[in-house]
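What follows is a group of structures, each given as structure tokens.
One chain, chain A, links the two complexes that follow: it is found with chain B in the first and with chain C in the second.
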Partner chain A sequence: MTRIAAPAERRAPWFLALLPSLVVLLLVFGLPLLELVYVSFHPTGGPAQIGPGLTLENYTVVFEDRLFADVMARTVGLGLAVVLCCLVVGYPVSYLLARATGSWRGTAFFLVTVSLLVSSVVRNLGWFPILGESGVVNWILTSTGVIQTPLRLVGNIVGVMIGLVHAELPIMILTLTTVIRRIEPDLEEAAQSLGGGPVAVFWRVLLPLSLPGVISGSLLIFTLSISAFTTPAILGGNRVLIMAIYIAQQFQIVLDYPAGASAAIMLLVTAAGLTWAATRIRARGGEAG
Partner chain B sequence: MINRSLLVLVLLAAIGFLLAPIIVVVAASFSGGAVMSFPPKDFTTHWYSEIPQSFYDAIWVSFVVAAGCAAMSVLVGVPAALALRRGRFPGRGLLSAVCLSPLMVPALVTGVALFQCSLVLWDLTGIGLGGTLAGVMLGHLTFGVPFVIRAVIAGHAQFDLSLEEAAGSLGASALRTFALVTLPILRPSIVSGAVLAFAMSFDDVPIALFMGGGSATTLPVQIFTTVQFDLSGDVMAVASVVIVLSLLVIVALSRIAGTDLFFGSKQ
Partner chain C sequence: MSDVVFDRVEKMFGDFPAVRQTSFDVAPGEFVTLLGPSGSGKTTCLRMVAGFVAPTAGRILLGGRDVTRMPANRRNIGMVFQSYALFPHYTVAENIAFGLKVRRVGRAEREARVAEALRLVRLEAFAARYPAQLSGGQRQRVALARAVVIRPDVLLLDEPLAALDLKLREELQVEIKRVQSELNMTTLFVTHDQGEALSMSDRIAVMQAGGIVQMAAPHALYERPNCRFVANFLGRTNLIEVEVAGRLADGATAVRAVRGEGGWAVAGAPDQVFAIGERCFLATRPEHVRLGGSPEQAFEGVVRNLIYQGSLWQVEIEGRHGEALSALVGAGDAVPTRGAAVRASWDPARSFLLKAEEPAM
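Presenting the complex of A and B:
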């Protein structure tokens, strides 16, 4: 019988199989990013022009320009608020879904996650008839006499926050449900039989055990929130100046490409760093669990 | 443990919150009065007959771009995933990270980078990729290829290599083994990678916004730019069509492949 050469033993062909992907990603991703980095170290040479000479100015602007500092602070604040909302709503829902045994569990899980599968632009449109000045929420509040003048809930940071929580709550629930399901229900029962109330069981058993998942989920949601462009652009009406909107405006309206490029690189480094950290924490949590 | 009815209440509220905008889009598309105002004045279907031609064109553009993106991604992504799983060459871990790295970059950053790069390409060679179908499709490969690679790598974890050895020892050629054993076993993960690439391409705004435009305007970008100026019933009608189509695709695919198709990679 002839010995069958395991494909893995042939070195060259496998590298050749990888080559098309590497070339494609180099051309459509690697080179454009390098070009962006290159632009970010140049001064602006007027609208849509890149000036000669190298400069660090586009990066040091962070410490000098009040407006840009505000943009960054607003972005971080928005990200934290979205994470907090997703945690407060997502944790109880995930707990219920993780511990549920009934046949309704699958249905509930589907209903919680189905919005992920609907186009993000389309989802955002639905908030206008709900949050607009003559929308459902304001109609309820004014007709019940809670408020006299309609609240502004869209076209500002409130609308952006609602849209982002809507987009990312299912992701938080998916992450937390997986984590909580891995915690033995026996542990909760043991804590209870030793006299721990629901609050004590949550703070001293559930939360510590699910902490790696909570942290990696939060990092993921935070990263998605500060990188999001579509939702802030639609629901903020281009008036909520956060990093993504600022970057897009530099390229589309202001036409200061180097300023846009450096802001984009800063966003990239932050997002990639946080994603990497989240993956590390999840991997370590997985080993321990 | 914790008060169960309170938890159920939170769950119902969350489901209501998550479904509300989707239901409202469909409801608003049948509303006779101004789209933004509640309660609706009367029932009408006339928005559906007033969908402008530009939206039909955009649906076609989106479809071509997404199909092209999925096909290209499978074509280059599947061999790469196999190489990364089976090959024994130096730097494999690093190369694997490199192939998946575009997924860590915000789409907007990729979009503006591609935009910058297409300007440089135009200056240097006169090749204009901006505003073309090819340009948008190439831009979407930045997530399409990694999605396929990731899906196939994950699907390969349960691959029983002895099946290939069996085919070989029974006299099948390497090519025949690949076509009749390897590919069928990997098909679910290839399909799920392709579906993900297609869906993300159909959903993307930032990259298509910066690479497209003109005759290469995808549906999300068309809706996105329209609602910046005016939100009327015809947009809601288009959006409702998209919702119904995506729900049909979801149901069809989950019948064929199970819901793991969508949530497998996230859990």
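Presenting the complex of A and C:
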């Protein structure tokens, strides 16, 4: 028997087809990144200049510069607060969505996903008529006499939080809904029949079984929150100094490129690490379920 | 006093009646089975007792308390699900301890009771395992232990054996029955398997289309079904369309076939009154039909089919006018061949009459 020559042997390796796009990606993303790394290890040489010699100073500044430490603390605090809000608001919604049957389940899912597709600029600007000094919220609060003077809800960290929670809630909901749906409703009924009230059912059954989703969703949203730029820029009015804003200022206003570069690298490494962790947890949760 | 009282309970889903005005009760320590085909409302009844479904009318009492509006977690019931519903993140011992923990039973007592429950279902060696590391039969025993360890007022089981294969199913029937009688546990059991119902229950309620058509002890139900549905849901029953011809001296009823010339005496005590000339059905079980016998009490026909069942042959006989009769013949006895003309007969006391109309539902 002569073996039939497999046509594949003559074909070009499959990855050659990817080559053009790989080259483009490398040029567009890889090179600037490398340059960022390179710059971050050099001292500043005056406005928009890079000094000679190598240094770790741009990284050790974390431990010395009070201002930068504040920026980091504020960023982490904001991330944690957004995660917490998304969990508290998102969990009940996800539960209802996961247990929903019939026709409105599709509708609800559509509404959740479609809000992910709205441009972040549009979404953020949409908050001004609602949260502004003469916006809907303040109008209701003042006209009902709950408060006398309007609250500041935009141009500060509150506005940034509201904007981020709004932007990232759908992601949390989609993540949680997926894991909650995998929990058999029978388990909740078994817990109830054994005498468990709603609190016991939540803490002893639902939460432990949805923990992979809670953790990976939280990591994801924390990552998105600490690296967000558009929302803090628009709703924080450039007054809320968090990492992304700080980095932009170093490049555009202060013109200290090495400082901006090192901050960007630190943010990038943190975000990449957290995303990796979230992916690992999700993969493990998927095996268990 | 009864432990479970179902008082004119009704459940509508939209305008579909899943359970129609149904009443029954379960005495303390009694094992009652709801038996019926799929969709007859058994699960809905059980879930109303458990508190997962609210009745649209009627009352449910547990141990004398009206629980109709009480949430499930305050009813003190033990429930066993077809899906086992064990908590996958807890060990066997933790699963069993769940109901005691939420009841804030102290640690020492809790551990003692969990150990006792494990002993009861003979799973002492598996306390530290997770449900995923158990077989189906073992999981259901854990579920049973978890349900009884809280000393519920009533134990509810919804087709707990349906997911198991035949041999395990039989083993677990015995196991459940043993645990139930050891604890003298008031039990409401749901199944569509007549064999399961007959072998385990003190009483069986046969359900059809959302209502109970007959409720009686297993042998009474089997010997004296009150309608054709029950007669054919529990085992098989030969039904011959007849007309009441008259009364005989010994108290039996004489009937004659609507089609053909056959005439028989029926001596099974009737629950209902049958008028002379009334059309009804003569009912007799295949195991009471024998081949041969006297011409006065005979069904003449041709063997259409022979089905081998191990210890018995099922002989399907067709009368001259298309009437069918089935007889069970011992494998050691003479078995006719297919196509042979045979005469079958039965003891008049082993036959009874059923109304032409099914009970109004």
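We take it that the second predicted complex is superposed on the first by the 277 of 289 C-alpha atoms of A that agree within 3 Å, B and C clash if a C-alpha of one lies under 4 Å from a C-alpha of the other, contacts with A are read in each partner's own complex, and residues count from 1 in each chain.
We adopt the following convention: a residue touches a chain if its C-beta (ideal position, glycine included) is under 8 Å from a C-beta of that chain, and two chains touch if they have at least 3 such contacts.
Predicted model only: the values in this text are computed from it and were never measured.
Trainee: Kindly say whether there is room for both chain B and chain C on chain A in the superposition, answering fit or clash.
Mentor: Verdict on chain A: chain B and chain C fit.
Trainee: First (chain B), second (chain C), both or neither: which does A:P43 touch?
Mentor: A:P43 contacts neither chain B nor chain C.
Trainee: I'd like to know which partner A:N124 touches here: chain B for first, chain C for second, both or neither.
Mentor: Touch status of A:N124: first partner only.
Trainee: On the superposed three-chain arrangement, identify whether chain B or chain C touches more chain A residues.
Mentor: B
Trainee: A:P150 contacts which: chain B (first), chain C (second), both, neither?
Mentor: A:P150 contacts neither chain B nor chain C.
Trainee: Applying the touch criterion given at the start, work out whether A:A244 contacts chain B, chain C, both or neither, answering first, second, both or neither.
Mentor: first
Trainee: For A:Q192 in the superposed arrangement: first (chain B), second (chain C), both or neither?
Mentor: both
Trainee: Should A:V93 be classified as contacting the first partner (chain B), the second (chain C), both, or neither?
Mentor: In the superposition, A:V93 touches chain B alone.
Trainee: Check the superposed model and tell me the shortest C-alpha distance between chain B and chain C, rounded to whole Å.
Mentor: In the combined three-chain model, chain B comes within 8 Å of chain C at the C-alpha level.
Trainee: Of all the chain A residues, which ones make contact with chain B and with chain C?
Mentor: The answer is residues 192 of chain A.
Trainee: Inside the complex, what are the residues of chain C that reach chain A?
Mentor: 50-52, 71-79, 81, 83, 85-89, 98-99, 101-103, 143, 146-147, 150, 156
Trainee: What residues on chain A touch chain B, complex-wise?
Mentor: 1, 4, 6-9, 11, 14-15, 17-18, 20-22, 24-25, 27-29, 31-33, 35-36, 39, 89-90, 92-93, 95-97, 108, 110-130, 132-136, 139, 166, 169-171, 173-175, 178, 188, 192, 198, 201-202, 227, 229-230, 233-234, 237-238, 244, 247-248, 251, 257, 260-261, 264-265, 267-268, 271-272, 275-276
Trainee: If we count contacts the way the header does, which residues on chain B are in touch with chain A in the complex?
Mentor: 1-4, 6-8, 10-11, 13-15, 17-25, 27-28, 31, 34-39, 72, 75-77, 79-80, 82-84, 86-89, 95, 98-99, 101-102, 104-110, 112-117, 120, 138-139, 141-142, 145-146, 149, 161, 164-165, 168-169, 174, 199, 202-203, 205-206, 210, 220, 223-224, 227-228, 231, 235-236, 239, 242-243, 246-247, 250, 259, 262-263, 266-267
Trainee: In their shared complex, at which residues does chain A touch chain C?
Mentor: 184, 186-187, 189-197, 200, 204-205, 208-209
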